[in-house]
């Protein structure tokens, strides 16, 4: 049911962890809903230089989180704002339809982290 | 579903045929009902000396008819009046329940033939 | 003794390749398709593959196939499922008088729940008149269900034409394709049907595997509620081996159907022409618009069960009355509907042949059938003029 | 990699002797039990023999067994069949909140048809209080249906006691025995039930084979109308191989049940005691009144599907939430009913072991489970105090 890429990112998630000196933090979801994630970013010259995540959720939620950190690292924040649910799902060679909406919080959390960064910058 | 005895009497029915000089004739059933039989008896000194049947019906109707002729041959007519559905079914090692009532016309036809004989005798 | 199976309408043997396809799912691949690990995933894939193959046989999409456990279940599901789904639109249903009991008795259940049902008559060949369908339609009509082919008399109905009428009136149209799918080409698109019942055991697939085709977008209420199997429309742990078997049987049938038809049609024609040479043997159902492997008769002066029992003793296995309920009824409503008098209807016999039937079998049949008829006629009290014996009252309850 | 199957509640592998018993009916003995010739007679005998064996397992009479195709079908049949049969007596039904979806959703269907349904709560162990059943009874009550054992939390209900109450009030009593029959001794006499659902796949029998026990003299309306199969109470060509398999599985189970229980209970206890040593792992269901092979937990801070996927990667196959509908629901109504908060209910995991489970398997489990929990907790944003994060609104629709 899951693609090999999903299983790979679930088994060996990239960029797991907290970041004590994050420039922006984005949270999306809630344990009541079954999936929740937190994204920490470091930004330098509008580029995401480091990124970490923590996720509570099913295998695909974890894989999406891992993928979003991999994709976003090195992007400018403007580019990163254009990352979508669909592009993440595509990067993972697809998600089962019932997972497409509920476990696919990566883009939202990333965008929230960027907004948080911008807020903090006063932009 | 049918006992071996039923199958034997169905495959090789005894005493099939008409009797032109019958002393009594009994008919029971109707093609609309799916089973119908006719019994012919010859009686001498109150004893059934010869008996024949014709039957329209399922395998068990034919077997019962054959069995009733075999059982009744040589009986006095009083004895023959005591032949029952159950005794014929028993003689055939049983009948399937759904056949017990609908195809088991042998005793009734025999009794009718005896009554016909008695009527003709003015008794 | 040679055994000649001429009761393919009752059930077909499993195709050996079908059994081979099923075996892994009876052994190591035992997972529940709902499970998320390897075993479950394999089972899920097998089920979805079978769904696609099953859909292909009738020119449907995979998602339009709901697997069930029997033709009877599919028929109950179709009738009640549409009736309960659309009861707010109307409460009138149209069926024919020559439907299978699973349709007729579902219709009667719905009558008890407040639905009105029209039972359409058929002509002497067993055909429903599409014009009569049109006339029976009211503003309240929500569903029409007409059998595609009769297992008892072989007649094939003008489903495409009736479907066109249903479509024009925007009324849901179901056909019971148990006796047709796998025996003749069936294409749900050209037949204009919204729902269709069919079973695997009619085309060398397993027992316990059947389907309801439900056209995309059709609202239907489940017959069996529970988990989310079959898209929430039919609950219950999927019978994976049976479903896999149905898929395989559908795949083989799609490939072999024309070959099968070409093989059995002339053999069936020989059965019919030889039987009709006999005195007082009448073909039931339509002479041309009939299932290719199907030959059905009424034989005067003798009774059907005795006939099939004596044929069985000789090694020929056949049916009398409705193929799937030989024990159920003394006289068949289908035969009565095509105008056969009750006493004659008792003498019904149905021969249905299949891909294993040989010319030798037919030769043996041609020797045996007349002998069996003669023997039973010798035992029978009836002959010419027996219709006058017909009596509408039966002293003995049947 | 070794594969350790710990999801026996979802489905069991076929016992090899069961498959052997089925094979002749998948091959040469393909007849339809309704047919009157040899092939049909053999099939009929096989079905009736299986019926007797199936009845023996639960101390019923053969004629009290109606074969169906799934537990879901039996549950739908029981609820709707009794409701429609007795609707003139009353229109109130009592069920518990921890029933399987096939009961709950049938009850909801009946509500739409004008019936009233009481959903009884359970205590924190998942037990229905018999006194609460008694209090819920009204003059209108026609049916009580309480699950015998929960596949999700393992709790075994006081069925005999509830049955006594139902009997005193002359109310029909059904129990869903899918998770109990074959796993613990079940005797319909001492349980005081009028109807009971059970499936073969719970005791090493085939998929597609299940039954509804219906006490002699009980009136029930068919769910599947049609021919006269199953005494006219459940139509459809009998799935002979599956039924034969169910009979054989019942026969073996009757003989082996105690041995199986003795084998799995200590292994199950080891699972529980080792898991409960871990931080923030909670047993769900009753500590003693539970199925012998059943161990179920909620694990804080992590989610169930991820847990079972990671366990599966290591070779341990388990379930989360309701065993038969892992994909259906994010949070389980059963866990909510026993007072588990929603965020915690997400971390559900169920291990159900069987006769093939070994001490070695349990040793491997004891190494693996803690490691999986630790790894997922490393990834999780939550820890102590997370209950404060609970938020009743979900932005994303589940």
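Letters A, B, C and D mark the chains in the order given here, with residues in each chain numbered from 1 onward.
Throughout what follows, a residue touches a chain if its C-beta (ideal position, glycine included) is under 8 Å from a C-beta of that chain, and two chains touch if they have at least 3 such contacts.
Computed from a prediction, not measured in an experiment: that's the story for all the values here.
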Write down the chain pair with more C-beta contact pairs when A-C is set against A-D.
A-D
If you average the CA atoms of chain A and of chain C, how many Å lie between those two points?
55
Suppose each chain is reduced to the average of its Cα coordinates; what separation in Å results between chain A and chain B?
90
So, in whole Å, the Cα centroid of chain C is separated from that of chain D by 34
Mind checking the centre-to-centre distance between chain A and chain D? Centres are C-alpha means, answer in whole Å.
39
So chain C residues touching two or more other chains come to 36, 305, 309, 327
Which chains touch? The pairs are A-C, A-D, B-C, B-D, C-D
Across the complex, what residues on chain D touch chain C?
3, 5, 7, 10-14, 19, 22, 26-27, 30-32, 34-40, 69-73, 75-76, 100-102, 105-106, 108-109, 113, 199, 201, 206-208, 221-228, 235-242, 305, 308-309, 312, 317-319, 322, 324-328
Which residues of chain D touch chain B once you look at their complex with the stated criterion?
36, 41, 44
Residues of chain B touching chain D in their complex?
1
Residues on chain B engaged by chain C in the complex (per definition of touch):
2, 7, 10-11, 13, 16, 27-38, 54-59, 61-62, 98, 101-102, 105
Over in the complex, which chain C residues touch chain B? Could you list them?
301-303, 305-306, 309-310, 313, 327, 330-331, 342-343, 346, 378-382, 386, 389-398
